[in-house]
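Chain lettering (A, B, C and D) follows the sequence in which the chains are written, and residue indices restart at 1 in each chain.
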């Protein structure tokens, strides 16, 4: 039996039944694997970590994108950090107010592989003239960017080791750079690791670092079955009025035109209500 | 490395790091294992299936018990099917309106082991004079019961194989027997397997069987990190007025005296809002 | 990490690191997988069971073929049961006395896959005019065969379940059919499962069934590292004089022209000396 | 299912079914685990590496001890490096010519645990007045030893990482110290890691280091099923006449009084005949 073994946390692993290996190899930046899992359909993995699976990629990406874009009164320009699969851009572009999306992904080869092997995930985005894709290091981009954005979405790989270079994709340094490219009322939302009653080390750390840079920070989570966990996200802004509105009313009203395949607008709202034991674990 | 391998679904497994084996063996009814997992503290397993772990047993048991007891206008008598750990009874007895709880568990030895090895989970319940514990087959009990109940809570082992005898703990036959011991406005709530975007076979099946016996059926789910999934429950009643109230208002008001360690009352409410893709998977 | 999980025996599993999936799918008869393992090179698996790996396929096949062909005074005609990889035929054809080899494999598609994906293993055999390949059930072949053979080699899949149809490839019924196609002084040798100090259920059973049909039976074993065990074979004959010769002298003399890449002639001889604890386990 | 996962080599793992955990914990020097495996009986593990299992500990220890003691014309004094289980001393003391055995094991607590949990393995040795047990670092012992020995047996843990301190138990430095405590015609034999057709890194390295210190070096291997490999040993001496005798004749004659439960004298002899592909892998 072919299986895909993934380290889930400091002590536990997930072993998935694999029905088919679609593509595997290395780009200049990472090891990739596209495989068909028996349980969750086609999955994409980078450096041993599953990024998304067919059965619920809509849930992951809707949760990543929509809260920030719905919280913002009128998002026009959006920066996507990473997002190689194209699905994040797809969700961003579903917002009609958006006129310009810049997606900065370091790995052109990986993006090509996504276009080839999971084409349906991102094809509407890659053919949308509002999307500009740049292949470069996000830190370099931020250092030199002349544009400003209403929303920044962080769809970057999770941190397996905080002493590795990947950690720079989540540091205080990065959030300060992001702050500079945000318009007034600007919002950043990023994936932020699993929310677990055991430990939620990454989420807690990312949240704290964002809180040291932005005045308002919100954790939220949605079940992503194919990740075998409640997946965490953090949304932050320096404009307190942006996040402190009545989310239920705002989201319900603004989401009317969105077709939500994975979550539904109600789930986007309840994602902000975390169980006590999870809150305790991330120090809120 | 000692690990505990658990079949998670038709194709995937979880492998947990184990720091200590507390007790393992067989009773007349099942193989048991009490172990300390590195990630989620002390865990209890029956027949290879993790039942509860220290890090979030409060979440599992609060979700199992409170929605039904909060939905019922004035629950006085409660029947617990299974519940050997004592934690389900603990949550039931937290409701001051409750005057009598009958817990029917087939496995006296397992209950003794729980009293010995996870004593803090159920000790407040086992020393509460409102609790009566009967060691017998729940089906026999239901056939001969003279008492009637406001709420019935199903805390029985999950079904690994629908052709095995365990399946009789979830069949239409059982729900008809339960119906007979329910008072008017009576509610049954039962654990009902994982809610997954891959497949949710057990939940779908249990829900359908309950729907064939009761006029109103509700699925809900809460993350139980130590189960590595969104855990599903089904609540059912023949009195449409019971479940069709405004849950937010009712729960908030009635839960005021409850100390909710795991979930919080808001999480009990949002548990009923399932993501679209999960709903699709269980056919709702 | 892609891994290949293989059930090794009643309780233990092997998990191999996989660097590349070469081909996977189903023929009319079996699920196949050609993969590159990190440790043992290209491996071929049928129905979840590794058949041979590049790093020591020579050891497995030399041990399967040469003892019988060296024990026989002048083997001319050889029947191979199974042997789809072509490597068994390769070793048989290395014996210059051999004028005719009939290989009967049920699975033409699998043989084609071997020709495509592990071509070097069998190509010398498949291009040798002394080899005739028939695609049919070995039992049917034996029932209708008009030819007789000096040696029969059994290179069939191992039995995972003695209640399955695969068991018919090792039963008493089969050995009686084989007996009928053997010339006087004829020898049969077959792979016969792992020799383990835990249990060696398959080997013991195959040996006993052969002993009920043939007057002389010999177990032998060679380490096949990629199988993570001492691999067992049984050789049998009805002519006591054939196997009761001085193997050391006979093998050494007759093997002079053979190029033994895996084992060497001395290892072929010492394969017949089994440790006491292994002998005890197979009842000898 | 409780399993014991053991890293087997650079890419593959063994997962054993565990029926019972007998004892687990840490001494001042190592993590230990005594467990009952379904397949191979009681097993002892140190730092995640299985040391011996009930089903074939006789095979492992007979192979470790007897070749050196049989090769030596009249072994009287023997030094055991490590050997905490007591089984190595048991095999050494089976040689009637032996008058004095010094066993130097750093870990007194582990030895006590072995006496408690696998008492039958070493009890005949620990109660034998010819055995002296010292609890100290073998390197310190060798630096200060005034005694000399006919045979030194190395029963120390295998090296998982050649950059760790464990590596000092196999280095050239150590072999030079051993050389100083050997009598003329003295022999050292040590366990030396798995012999595999994939890679046999440890064996090759240990063999080379010994060859740089001793004039005559011999690799040999026996199947240890519970290790899932052909287990390698190296025997070395500075007296060429010792190892270059006719092993078959010498061993057979001298082993007459030994009761060989695991291997048998013939298996001790054939252990020195390694398959070509294994020889190639260790560079001989």
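Observations, loosely collected:
In this text, a residue touches a chain if its C-beta (ideal position, glycine included) is under 8 Å from a C-beta of that chain, and two chains touch if they have at least 3 such contacts.
Given the structure is predicted, the values throughout are model-derived calculations rather than measurements.
Centre-to-centre, using mean CA coordinates, subunit A is 53 Å away from subunit D. Per-chain Cα centroids separate subunit C from subunit D by 33 Å. Residues of subunit A in contact with two or more other chains: 15.
The touch graph of the protein chains shown is a ring with every node of degree two.
Pairs of chains meeting the touch criterion are A-B, A-C, B-D, C-D. On the side of subunit B, the complex with subunit D involves touching residues 1-6, 15, 18, 20-21, 24, 33, 35, 48.
Contact residues on subunit B toward subunit A in their complex (touch as defined above): 8-17, 37-41, 55-56, 58-59, 195-199, 221-226, 228-230, 260-264, 266-267, 270, 273-278.
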